[in-house]
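Once you've had a glance at the structure underneath, I'll fire off some questions.
By letter and in written order, the chains are A, B, C and D; residue numbering begins at 1 in each of them.
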């Protein structure tokens, strides 16, 4: 950390700052410019992480040099992490596609979708049993019945299951049925839930919060891995901006950023990320070209009858087209699908 | 809802749309322009709330005419709601000030703060026992010990207590100690927690999410009130924008917006809203001038030693100055403090 | 400036950085931590302002300590600047109100408005003769005819005139008719125009860009004052955020920020800032409570017939109510209106 | 347009609305729901474009059904437009790469860069002679000398020239030297300049404003094409969001959006869009996968010595790597480079 003294800080102000830092077993290094003095702070990162210096008299501002997350950082673990989901590898050379309906509505709907996505090449079945919805009057999901449907159908078609946890009390139940537990955007900073997920073994897919910075996102993952569960993958699903044409603004630069800063895999969800069916295909292609390790795609056999997010769901036919299109892009970046 | 057909929609597309709507017991009203047809949808609001039409062929877009929230809306309840917190009225002519440290650190710290804020005129003591922190390495709060300190000190000084819930499992415990339960920005859309809070009797203060729209915020409150707890107050605490000079961008226009759309009271938190001590005073004044029903202010006896958010905390002396300054502003808008 | 070396920077990398800085006559100061070395850069601010170091090998990032603007900063000129507009003082104890229609439409319209706003206490007449409109098919303003109307009517009612420049070629013409030249949000970084405005004598009102940071705004003002025209006032008019209920998000914390960082006056425009008539009054009050030096308000005798922005215009009666309401707020913050 | 009456609008309010619309030669269509009446407005689009109805009593809000831009819309011109820049086609099957330094600094610098980018396959040389810079103390460009250098070097290497116009008075001069005139982000809504560019023949590259919506961007292009110059291409260069890790947030979904809404070509600038050298390559790949018609890349022979934006400039070697990498991606989406 660097403490920038204000131009009219007194000698006493500076002494107090240095004394406070030294009393915490930190070393200081002064750099005296024409207008102001800058204090470099050296020592235990944990102590520095919790320092609050701006209230001291004469301090203009402080600048943090290092991020607080550690275990998720690439500095800490230079090689890419590969997560094994019952034999399916996420983060390796292969690109993994997760597909299925936004919400589980019925056994028939999920079975029809699973048949289609399996045939087209998806390895993991997605579907929400617990739905976080803006309004209490919207469809809230089938709950455990939905979980049962997902598991049964996934087993029928030899698929894995990813589904969302919206409450930490549900974790043991969902763990029974799912292969990957998804943390939705609204819960990215539900820290109690993250801590609980750190204590289980199953892989976690951590969606980016609606307006989370890359740094906050990595820190949220740090909550999980510090608990002991290092099987965390990220999922970029669009951020909130001023633009209203799309539902969210899909930030593919986050893929490159996460790859630079962390060793954990990253998936892209162009369905929620755009909210518009015609944009799913180009954004799916672009995600792979940007370096994503996988895709999460909404598919519904009859989107016009979907109970949620029909506007962004692909039909099985659309999905088939998409999948047959991705192979060449994957090859162009040295991956397979 | 209005369904806008695309310019090249066929007669059959239009018929399908009308048929689908009528099959759901909704009435339709066609308006045929030079280029496109617009379908007005009339009928049960709950059915319309869940309609998804954009996937149907020939549909260009849909436009919602009415918001989904009801009970929290001013249309539903034209008079201002006044919440009674053990004799303290929130939402009436009087402006209520909540003050205290960001986090409870020790009995001494809280007692020293409480003495000061009580003397200056605050009615409610704030302080976090459970702290949602970006990094797992940051101070996470004292938990139940913190709650005990808050209650004991508040009782000593005849103050009420507001404190944050970060996990719905903690609700029964916090209910024992606190007079108002606060939902933090990161949990504004933790819908399971909101539902649980709808089942208790104590008043809830619902902070605005980091990037929540006014509409999402009102819908979040609707989750609580539909559960049966109508004692909900809002708290504007700054939104996330591109600006980096302040910690958040305090949106005082939200006060006017909430007053227009809802009958529930609204509090403003200029401490988190700006993150800078010198801005707390002008923003506190402005909040009252904009029509806020109260303020939430961070005060710490020794901000330079605070374990969190020292940069935005007022000293007891600052707080005293602030309070003695607010009376005239309150009077100018027909209120007292 | 501080240059942060990466943890795996070599000794040679560090030497190269130091050498480059020293070759530019800058002094360096090394601070060696456990993981990385930090280089403090000391010397001529102009040279430092243009430094680009991040491309050098071994450099992780650079941190600027000081802002680039100087003349507009409060450090440079601690006392508040008061601008004299033909006897009307802006920035002093008195709060100045500018009012009038969004666009000049006719002599009758402006005259009717001017009579009303003068009577209510406004000192300056606003009105657009050149309108920057999103679509080429929207009304673009009356041009010079509009300027003539403004001048004639202002003289009739002993008012001053503020009007917008949208092209630097128009400056000499507008200078003839107006007392204050306004730079609109879309031109805040039209640097050639700012340079030209620096060469005239008349006061300039610089609106904040749609998504301009406080720092960019102050730097834009620096373009004008470095040309020689120090009569610059700011105008906060709302920034672009994700919120759609209001037209823009009026950022009143910008008032406090500008007051802290600069000596120049700041005006608030709650009409554009909210885009909603019922919000103009509470936001006008709040602006004054926050410390603004004046207000800019849209008034139209018949808003329902306005050629632009009718939705946010007050009627003369609304404006009268607003003005009679502001006196007490002004008094509460030690000002008069 | 649709006019939504408020639930408590009177019959007279409704009559007034209808009368006003009919007096403007517009037809109306009433749709009466349980709570409110909705008025469909049919007729001349130009009249509707300028309608302001929300000030009328009883009107709750209005909803626009159609965008204001026409000539740039794909509805108006379903086939992709291909722009011919002296034999180089932009918008066809071939992907065009524009490369060069951020700012023209010297003949040697441009010549060295041009040699490298030509060799690697770029067709168009970029470079700024007039630089819009946040601070007046930053390097402002070489002006006409810079234009001369660009032209001379481009001719030597058989390249075309794209360069930025920052003031409409410079258009005739720049037209002499450049093959494509670029409108920068800060001037996207400099409407007078857009109008002037509509009167010339040379192609225009219109960068997206810092926080411009897709709709505003298309309307800005409409300003140019209504003047008569239909050779307009868009350039996505990142938008402003809350994220600070990158300089801007490169919005690749804008590529898909523009392709859906307009027939004009779109280029992507990953250099400004990310501001970080390591992200240029993945984002360049992703842009092509998303459907972009070309790329704009900053290349500097010695980025560590660049007078501006060195941090985001590729070295000639980096650029060579990038180019040799793009062919496969282009092929995967049916294009060549």
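The definition used in the following text is that a residue touches a chain if its C-beta (ideal position, glycine included) is under 8 Å from a C-beta of that chain, and two chains touch if they have at least 3 such contacts.
What you are looking at is a predicted structure, and each value in this text was computed from that prediction instead of being measured.
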| item | value |
| --- | --- |
| From subunit B, the most remote chain by mean C-alpha position | D |
| Chain centre separation (subunit A, subunit D; CA means) in Å | 30 |
| Centroid spacing, where centroids are CA-atom means, of subunit C and subunit D in whole angstrom | 26 |
| Centroid spacing, where centroids are CA-atom means, of subunit B and subunit D in whole angstrom | 38 |
| Contacts with 2+ other chains: residues of subunit A | 211, 240-242, 244 |
| Arrangement of touching chains [line / ring / star / complete / other] | complete |
| Interfacial residue positions of subunit A with respect to subunit B in the complex | 20, 46, 49-50, 52-56, 68-69, 132-139, 166-169, 186-187, 189-193, 195, 209-211, 216, 219, 222-223, 226, 240, 277, 303-304, 306-311, 313 |
| Subunit C - residues contacting subunit B, complex | 211, 213-215, 239, 241-246, 249-253, 255-257, 259-260, 273-274, 278-279, 282-283, 285-291, 328-329, 331-333 |
| In the complex with subunit A, residue positions of subunit C that touch it | 2, 4, 7, 29, 31-36, 38, 40, 42-43, 63, 65-66, 75, 211, 240-242, 244 |
